[in-house]
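Letters are used for the chains, namely A, B, C and D, taken in the order the chains are written, and counting of residues starts over at 1 for each.
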Amino acid sequence: MRLPETTTPAEGVVAGSTVDYSPPMTQTLTIEQIADAIPDGSLIAIPPDYSGCAMAAVRALIRRQARDLRLVGVPSGGFQADMMIGADCVQSVEAAAMTLGEYGAAPQFVAAFKSGELVMRDATCPAIHAGLQAAEKGIPFLPLRGLIGSDILAHRPDWKLMDNPFSETEDKLVALPAIRPDVALFHAAKADRNGNVWIGVRRELMLMAHAARQTLVTVEEIVDEDLLADPVIAAGTIPGLYITGIAVAQNGAWPVGLPGCYPPDHSHLADYAAMARTEDGFADYLQRHIMPVPAAA
Amino acid sequence: MRLPETTTPAEGVVAGSTVDYSPPMTQTLTIEQIADAIPDGSLIAIPPDYSGCAMAAVRALIRRQARDLRLVGVPSGGFQADMMIGADCVQSVEAAAMTLGEYGAAPQFVAAFKSGELVMRDATCPAIHAGLQAAEKGIPFLPLRGLIGSDILAHRPDWKLMDNPFSETEDKLVALPAIRPDVALFHAAKADRNGNVWIGVRRELMLMAHAARQTLVTVEEIVDEDLLADPVIAAGTIPGLYITGIAVAQNGAWPVGLPGCYPPDHSHLADYAAMARTEDGFADYLQRHIMPVPAAA
Amino acid sequence: MSDVRREELLISVIADMLQDLNHVAVGALSPIPGAAALLARARSNGRLRVSLLGSQTHNPFTDGGKELFDCAAQGRIDAFFLSGGQIDGQANINLVGVGDYPSLDVRWNGSFGSTYLYFLIPRVILFREEHTPRVFVPEVDFISAPGVSEAGTYRTGGPHALVTGRCVFSFDKEQRRFRLASLHEGESVDSIREMTGFTFDHSEDVPATSLPDKDSLNLLRGRVADEIAETYPEFASRVFG
Amino acid sequence: MSDVRREELLISVIADMLQDLNHVAVGALSPIPGAAALLARARSNGRLRVSLLGSQTHNPFTDGGKELFDCAAQGRIDAFFLSGGQIDGQANINLVGVGDYPSLDVRWNGSFGSTYLYFLIPRVILFREEHTPRVFVPEVDFISAPGVSEAGTYRTGGPHALVTGRCVFSFDKEQRRFRLASLHEGESVDSIREMTGFTFDHSEDVPATSLPDKDSLNLLRGRVADEIAETYPEFASRVFG
């Protein structure tokens, strides 16, 4: 027996609350389909260069001329953000930093920042994590220590000072609003046929997936065994429940590398850092390394 | 050069804040030393029966006649809590439930509750997790949805209704104060010589260790290899940083069992559930199964 | 109905409430809801995810005890099951005990996650096989979780139906009342009224609870029986032989 | 001092500030603080834990990017290192840029975790090798993290010292000022004053920065050189050969 829905929406729901995470089964996609599944204007959470970056998918996003993306660096942005900024895909960045690490400043970011084209929402690492954790817990904010008296806080009108309700004396905390990405996008070593994705100790990827409405993942390979069946593997696995779509992309984190699988391509990264210092150099990089569609895996 | 400390305590510290977690190296202990390291009156976080229960250490606590322990079931209490309550070790319990699962009610708990000897702070699972997460994040509270209108909330004066600072219309949440256990006590399959403890998918044990001032662990074995060296194992490992002391206790989760290692001893658990229904039966259980000091491992 | 067991009827009734959903979670010690979720999955052409707590192979959670609750708060769980030592006509449930808290006459286990999940999972199905006036009371002695909330309270979930050993009620959130939806074999509106401590609505002609069709029975006694045996071996052997 | 390299001096100076601690964490791209922490560990008889971010073998964290910050907030990290594109006399640090934010003349990477860790780690050591008036300014253009906080602000941590290529300052939290603690070879109070944009206190007789003793140098060039090479191979081969 199917009972009629007596009320839609449920009585008592606060207006404006959105509950649209209910997960259909994970889909297997191509890299280009991953890029197509990310609409212009999306709020996209991306990991730092030393975690698991879906570089092949980022190149596909650039090829499809994505526009007005709002990036959240978890907690910072690196090569992938700099490339998307240079290719005019990005409207804003929220991050604790933008950097190419040992290769220096992120040149396309700096140029866009100084030209005023890019909205930069300067944050600090734990504030990004806290915003994602608030989304993970389905709460509107998370309070955090520190921050008070910084110009980071002074320039974030969306962060609010609040009183500790448990203190009898004045005790302020900063309330960080939930960060609910439209999309979490990253690369991992492997997935299985149920959509489970192994990420090992890179738990910020799991946090991103829990917080985001959709999670799109590229992987080195899709394996036949169930990653949740082995308790040792399961401990480092994001359940397919949170994964919207998966594409196989061998070497998909090139050139920044995938910890435990392959190292950064240092000479290529140095080339990028040098070329991206000028508009012509960046345009040249784009034509040589991003625009050519890779052969299907 | 060692610089002098210019101020003690640091200027600006809010009075009453306690920061005493700084971790000395993990110690290797005996079961009896684990029991001795838990002072009377301690706030102790314990896992549920299906996670990893340090039953051998609980028996040692009962043998040393621990008193006034304040238990936090994460999120519920089972055999270990019932045994400690029956043996007069316990002053209060905070938990979402007290139960022997398929073996029915927790008889010593029910008796102590009805006699008024035991303070029961009825909670709900996510409130316990949220309180521990607040301690993990070093914040005084975490806000949570749900709960409003329940008699659980009505009987928890330590939980506070608060306004969502990000809502323009009235929107209440419940602020759950941080739960900072003096001790987290649990059992796991293995540890290494650096104090790292493998817990697999039982991440509530990691949350307990992050939240607690001290974490005392019993393990089936201490292995020679570094559990953090293998990225697959590391994904399910609590770093030694959080672990105060470790004792080897083979079969240390008997009779409730250790998932992935050995099953519950069903007939023994059924015996306990039956014997614990009367004072005489419980006293008999105590003399037979708890008071005899086990041979050293 | 002689060839359909009572448990099979209940499983089938509940499974029918889970069609068209994406993700159903089932708590521990819940063989009938668990089997119902697995039956719905078997009929869903691979659409429905089922998370059985306490199961080794159907429990997908890898982030500790908090994950079920976070997952619900994220809106990723469409349906769940709760029960109560007492349930009243406004769908309030009591898992704590009988009498004046804290000096109760009878102490039950406790509220577990009900105080949270009831607010956040859109389709909560109340399931209690014992259908007597001591269970279905005019007003619960302790509200582990309220059936309805005041306007302005954040609530994306709540009671959808109440399935008992005698009948099925739907819950009308506007009226804040149960409505008798169907009668199991041998029951009448009068017999339900007699065994129910709260008042409820009903039409003049309450239908009989549908029996599982042949395909569903085959799935239930075959694939679902095998799957549920992993988590509830004694239940599976008792019901499915 | 001809046989002690500048880097070795700095490592030794910093290591001396880490004795008697239980746990020191070091951020990414920080070879000198990293080597200092490893030297302090080598001298600690197994007491000191060192967590090097970006290291495969010295990074103990298994709970994702948030763990370092949670660990600090729990009070489990005794010392950490921060730097700044600008640092002023109240120990405010600026990692964001030069000019009026957001229309900066120069944009740096950003504040990373400084805005948080500076408040919560008891012994934060500021390290900046370049000692010039453009780095050590009277007032930073942007406060990534403030050196001191108003009474009533929750703060369990803050600046302990500032180590530069020319000298060591201690920080007096009461006075909210740096105090010149020692001079590296070739420097004087006057030379420091000339190269420092903020004012600072000093005694009449400022000692020379101590050189590492023989045992420390042996540890540094042996065990520590090997250990730091895992994370910073180029640094190790350049400094320790």
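Basically, contacts are C-beta pairs under 8 Å (C-beta built on N, C-alpha and C of every residue); 3 or more make two chains touch, one makes a residue touch a chain.
Treat the numbers as computed from the prediction; the structure is a model and nothing was measured.
Peer 1: Which number of steps is the smallest that gets you from chain A over to chain C via touching chains?
Peer 2: 1
Peer 1: According to the touch definition, list the chains common to the neighbour sets of chain B and chain C.
Peer 2: A
Peer 1: What is the distance, in whole Å, between the centres of chain A and chain B, each centre taken as the mean of its C-alpha atoms?
Peer 2: Their C-alpha centroids are separated by 34 Å.
Peer 1: Could you grab the centroid distance between chain C and chain D? Build each centroid from C-alpha atoms only and quote it in angstrom.
Peer 2: So the centroids are 59 Å from each other.
Peer 1: Return the distance between the CA-based centres of chain A and chain D, expressed in whole Å.
Peer 2: 31
Peer 1: Of all residues in chain A, which are in touch with two or more distinct other chains?
Peer 2: 14, 130, 137-139, 144-145, 169, 171, 173, 201, 206, 234-236
Peer 1: Of all residues in chain D, which are in touch with two or more distinct other chains?
Peer 2: Correct list: 61-63, 70, 73, 120, 149-150, 152-154.
Peer 1: Between which chains is there touch?
Peer 2: Pairs flagged as touching, ordered by label: A-B, A-C, A-D, B-C, B-D.
Peer 1: Hey, which residues of chain C end up touching chain B in the complex?
Peer 2: Counting only chain C, the residues touching chain B are 28-29, 54, 61-67, 69-70, 73, 95-96, 101-104, 107-120, 142-146, 149-150, 152-154.
Peer 1: Can you check the complex and tell me which residues of chain A touch chain B?
Peer 2: Its residues touching chain B are 14-15, 130, 137-145, 160, 162, 164-167, 169, 171, 173, 175, 177, 199-201, 231-236, 259-260.
Peer 1: Using the touch definition up top, name the residues of chain C that touch chain A in the complex.
Peer 2: Within the complex, chain C touches chain A at residues 13, 16-17, 19, 21-23, 46-47, 49, 51, 57, 60-63, 70-78, 120, 122, 148-158, 160-161, 168, 170-174, 181-182, 209-210.
Peer 1: Quick check: in the complex, which residue numbers of chain A touch chain D?
Peer 2: 48, 50-51, 74-76, 95-99, 101-102, 105-106, 110, 113-114, 116, 120, 122-127, 129-130, 133, 144-155, 169-173, 201-207
Peer 1: Quick check on the complex: what are the chain A residues that touch chain C?
Peer 2: 1-4, 6-7, 10-14, 17-25, 135-139, 196, 206, 210, 228-229, 234-242
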